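Consider the two complexes below, in which chain A is the common component and chain B and chain C are the respective partners.
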Partner chain A sequence: MSPTLLVMLIMMAVPVAMVFVYSTLSNVVMERDPEFVGIENYLTLFGDEIFRKALGQTAIFTVTSVTLHLLIGLGFAMMLNSGLLPRLAAALFRVIYILPWVFTASIVVILWQLLLNPNGVINYLLEAASLIDSKVEWFSNPSLALGTVIFINVWAGYPFIMISLLAGLQGIPGDLYEAAEIDGAGWRARFFNITIPQLFPILLAVAMLDFIWNLQQFPIIWLATGGGPLNATETIATFTYNLAFSKHEFAMASASGVVLFVVSAIVALFYVRHQKARD
Partner chain B sequence: MTTTRSRGRSVGAQRVALWIGLTLGAIFAGFPALWMLLSSFKPNTEIFQFPPTFLPDTFTIGAYTDILTNPEKLRFFINSYLVAGAVVLLTLLAGIMAGYALSRFQFPLKSLLNTVVISVQAVPPITLLIPYFGLVVWLKLYDSLWALMLTYMVATIPYAILMMTGYFNTIPRELDEAVKVDGGNTMRTLWQVLVPIARPGIVSVGAYTFMVAWNEFLFALTLTQSRENRTVPVGIQLLMGEHSFKWSEMMAMSVLGCLPVLVLFLIFQRQFVSGMTAGAVKS
Partner chain C sequence: MHRRLVATAAVGAAAALVLAGCSSDDGSGDTVTLDFSQWWEVELSEGVMRGLMDRFEEEHPGIEVNLISNPYSATVDLQTAAAATGTLADIVAINGASVYDLQDQGAITDLSALMDDAGFDPAELVSNDQIDGVTYMVRALNFAYPLYYNTDLLDAAGVTELPTTWAEFDEAAAAVTDPSSNVYAWSLPINVQSPAGFDSQSWLWSSGNRMLDDRQPNFETPEVADWLTFLQGQYDGGYVTPGAFTQQEQQKVEEFTAGRNAFLIGSLAHVQGIREANPDLNFSIGSVPAQDGEPSGIAGASWGLGIAENSEHKEEAWQLIEWLMSEDVNSELATEATGFPGNASSVPGFVDGDPLYELAFEVYSSSEFVTELEGLPQALDLNRNLNENLVRLLQGEASVEQTQASLQEYWTGVLSDG
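And then the complex of A and B:
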């Protein structure tokens, strides 16, 4: 048993250590004898305007995505759990609501590229409803691209939250609600005084997990816009990928990868402490 | 009397609001998938027809026959099945063996295991990819399906071990002892007694692993290069870049590409869901 775990640890810990080392060298892989340059790569990185832009956009992308995932996930979970639905209908809606989650990122993106094509069905519907008067370029307009990518990411990612929260809602004892109803509490009071506090530990756990995942989100952004137009959707993940695999700046890419790792690790640390506290 | 009537009315109003909400939600969640399916049966000229058609005017399965008779495109699917199949088998094998050992023999490793599983989440794939790229080149596995199998298992095995340990923990030890009294050895106990009982757990880990391996994009993009080693997620994008005008074919490809995971999901819904929430919603 322990050999497997040991191998896994080596496959995780050693590479992470390697990235840290790479990030302190002059261009690794490409140079035969890279020199130690200390924190120079990090200084260059933070001096780079596009990297700073990517940092900000990563924050916007992550916070907006997680917030919307939570809102939509909670909304859908509560509708499914309302108890006012026939069993079959609840099961059917549940399947439809989970659907986006089974699609791989590249299919998600192609699908939305068709729907959001300037000549596509969404522009058609918006035009028919007189909400827009010319064809909107959802992906190639720099001021819309980030919003579009976030929207696609929200669509693809909320089901995990919804399912987790649904399981949480089903675990809240029904007599809590009954007692509140006898006391004359309205739905708002029941929501804020029972549902939210009872659900809070799970809410916090899924929010942190989702935060880590969205921070690292690569395929959807890369496939939808490649970080463009004009770096409008650049995040740390796409920036790192470009450095490593388009520009072959592996040392700089490592530094950028370390930044992403450190942020993720901090959130993960909170997550672990939270999970321990729940045990 | 009045209170019951007003409550009845408010439940009625609630019901209407609920159905409106549910329908809007279903359109948001399901319309894109429905549109994909419908578009895959339209001829390409109908895709951007103005005004758009909802149901195909001309129903055709041409896009599907094109894909299924083209060896180059079929290759993407074969590769994805090979990679996902191998990863599932090896992950389950490792998960069952290690999970059994962890559950039945006292190792001071439980917390280490937890650490590994969380670390897998915490390390960004893009960060891990840089050293893995070097490792894969060094092992002479660059541009091969082996590179994908190996790297995917780093993510799937720790999770499988954790899940299987949990499942084996729920099976009473008395059962093992009964088999041993009958002269069975440890391995026999595992495969003939515990594994059949733990089947729901194995299915859930297997389905989840399949999905992870089938859907992975970043490593498949970077660790393979030649067309014959591309998997479905990367292959679709390649075709998209080359014939972006053939939308109906892209949609047919997408339908075929999500079919295995969708079928698994519909059959093993409960196991799937429990597998996916196990991490976050533990008691």
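And then the complex of A and C:
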């Protein structure tokens, strides 16, 4: 066995296999002699109302985040690539737009907690503009919390998509646009018939990667709301963490982790097949 | 084939080197290296913890201490994982919230036996908490949670006397609250990610009442109903800083430090930080008001010490604990951490000369030190459940009776399993 395979086996395959095994045992780790319980943990998990809510919210969080990442990333990338901005301004905006990606999750959350604090700057500005008449509790209001957390996640994550798409846009030959213009194609036709088809492989690849990353997003949600209030921002990641480190139900946490793993693996499989097809 | 063998041998050698580096014994003669996992170094002033360990090493030749320092929540998470895999550090800083679960996992050792072997008299300790007659944790320090009050805000609102009953507090809260200036009476952080403080429970405990009876939940009592109704009244009255459901402990302290809260229920350890951050703030310390006056209980937390069951150097680990619990060292530690010593003979140095600390020591000494959640199974989860139920109550999604029933049901499930 080659050393590479040995390291991969120890670092990746063994932990993943252990989580699968743990998910079929009674409360492993906490019990000295856990018993085999088959799919009982999975049945309990899917019977749990909060887990089902977390599943739905994970889907909302992930799909909304990826969609907005793509839209904002593409918009900014096109703006930076348009040639409408002077060279210096384009360089400046490139730095400004990439800033959110430079910060760690904890800095991002602290920053937005300060801004969105009920006594913070955002509420002050909204009050000054007469858009609100009482302090909005962005994180503490159960009907606003998920949207707020998605907003922060979108802000923190779009630069990666922007940079990837900018690289793709710079690779599209200018001749195509010139030819289309001579043929009388407007900006809409050029966007849908040249830009999107040319960018499609990159768009698909970054969308799938972003989907997997957002599916597993934990630090931003945990630091901002901890899955609360009243489970309004609970996702599979926070639910799993609570099972393991608050309730000490490691077998159930493993089962929950396996669910997340399976969904991620399906998307990863599509990604690999897509990459293979390109090659 | 030959290259493959060489590569495999190289990987094996590297693994052996890594494993040798992980060993507690550094191989230089008879020196024993103790791993000490704690959050104390992060919270104490720079160099204090290492300085203490250096002194211990000087006085105990042949023992070295390797400090593994992380913030509190990271320490707890690491310990849970390490306990599961039998890789807990030789000495672990723990508290009442984690001691039950660690002993339940068989991860921490019987300290009663080690005390006997070393001829240590448990009477030297302020409290010797036991689970089923066995000591698993020694409390090095106790932290009291009195009521801080901003004297300037109270004066400006015409509150001349400090409230001693809930009714008086209600009046004072109404007088100081002024949302147009962002001033509120107090903060009630009831988040679910790190339910650390005692902002809600202190009101019940100060009135001499408890959530448990003989370690079993006892929520369905008129006293608990009154307590929940009081909290609901404070929230509905608008006296609590907005954002309570996700507010963090640190944000609560910042609100008080910035002069936006008139009251704060917090650890004495905050005094120095508040003074440094806002030297102009005039504040004092008192008891948390009781339902009908005469406060009798003060919330408390602890910094405790335990020894890992998997440690190969339990005797040496106990020597370090005994040294930290000795009269002088414990006083010094208490002074640095602004806590109260775990050694019954120690007196913290900060009490002398500072009127605020003297007042706090008076409040602490005249009250019963309440640590109701300590030593309970899944204490963190129980605290989280309390906060979830309070959010539901304050949000208007549950009545007081429903909240009592919900708490009783969940806590009974956890505590009867434990």
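Note that the second predicted complex is superposed on the first by the 274 of 279 C-alpha atoms of A that agree within 3 Å, B and C clash if a C-alpha of one lies under 4 Å from a C-alpha of the other, contacts with A are read in each partner's own complex, and residues count from 1 in each chain.
We take it that contacts are C-beta pairs under 8 Å (C-beta built on N, C-alpha and C of every residue); 3 or more make two chains touch, one makes a residue touch a chain.
Treat the numbers as computed from the prediction; the structure is a model and nothing was measured.
Enquirer: Once both complexes are superposed via chain A, do chain B and chain C end up clashing or fitting?
Expert: Aligned through their shared chain, the two binders clash on chain A.
Enquirer: Does the superposition put A:37 against chain B (first), chain C (second), both, or neither?
Expert: A:37: touches no partner chain.
Enquirer: Applying the touch criterion given at the start, work out whether A:119 contacts chain B, chain C, both or neither, answering first, second, both or neither.
Expert: It touches chain B and chain C both.
Enquirer: A:100 contacts which: chain B (first), chain C (second), both, neither?
Expert: first
Enquirer: Under the stated touch criterion, which partner chain does A:180 make contact with: chain B (first), chain C (second), both, or neither?
Expert: A:180 sits against neither chain B nor chain C.
Enquirer: Tell me which partner touches more residues of chain A in the superposed arrangement, chain B or chain C.
Expert: Touching more residues of chain A than the other partner does is B.
Enquirer: Pick one for A:245: touches chain B only (first), chain C only (second), both, or neither.
Expert: both
Enquirer: Figure out whether A:22 sits in contact with chain B (first) or chain C (second), or with both, or with neither.
Expert: Only chain B; A:22 stays clear of chain C.
Enquirer: Looking at A:206, would you say it contacts chain B, chain C, both, or neither? Reply first, second, both or neither.
Expert: After superposing on A, A:206 lies in contact with chain B but is clear of chain C.
Enquirer: Report for A:227: first if it touches chain B alone, second if chain C alone, otherwise both or neither.
Expert: In the superposed model, A:227 contacts chain C only, not chain B.
Enquirer: In the overlay, one of 8-16, 170-178, 188-196 or 224-232 from chain B clashes with chain C and the rest don't. Which one?
Expert: Of the stretches 8-16, 170-178, 188-196 or 224-232 of chain B, only 224-232 runs into chain C after superposition.
Enquirer: Can you give me the overlap between the chain B contact set and the chain C contact set on chain A?
Expert: 2, 29, 117, 119, 223, 244-245, 250
Enquirer: Sort out for me which residues of chain A touch chain C in the complex.
Expert: 2-3, 6-7, 29-30, 32, 113, 117-119, 135, 137, 139-140, 142, 145, 222-230, 242, 244-248, 250
Enquirer: Flag every residue of chain A that touches chain B in the complex, lowest number first.
Expert: Checking each residue of chain A against chain B gives 1-2, 4-5, 8-9, 11-16, 18-19, 22, 29, 75-76, 79, 82, 84-85, 93, 95-100, 102-107, 110-112, 114-115, 117, 119-121, 124, 155, 159-160, 163-164, 167-168, 202, 205-206, 209, 212-213, 215-216, 218-219, 223, 237, 240-241, 244-245, 250, 253-254, 257-258, 260-261, 264-265, 267-268, 271-272, 275, 278.
Enquirer: Which part of chain C faces chain A closely enough to touch in the complex?
Expert: Residue list for chain C touching chain A: 4, 7-8, 10-11, 76-77, 80, 84, 101, 104-106, 179, 182, 191-194, 241-247, 251, 260, 378, 380-381, 384, 388, 391-392, 395, 397.
Enquirer: Spell out the residues on chain B that touch chain A in their complex, using ranges where they run on.
Expert: Against chain A, the touching part of chain B is residues 11, 14-15, 18, 21-22, 25-26, 28-30, 32-33, 35-36, 39, 47-48, 50-52, 94, 97-98, 101-102, 105, 107, 109, 112-114, 116, 118-135, 154, 157-158, 161, 211, 214-215, 217-218, 222, 232-234, 236-237, 240, 247, 250-251, 254, 257-258, 261-262, 265-266, 269, 273, 276-277, 279-282.
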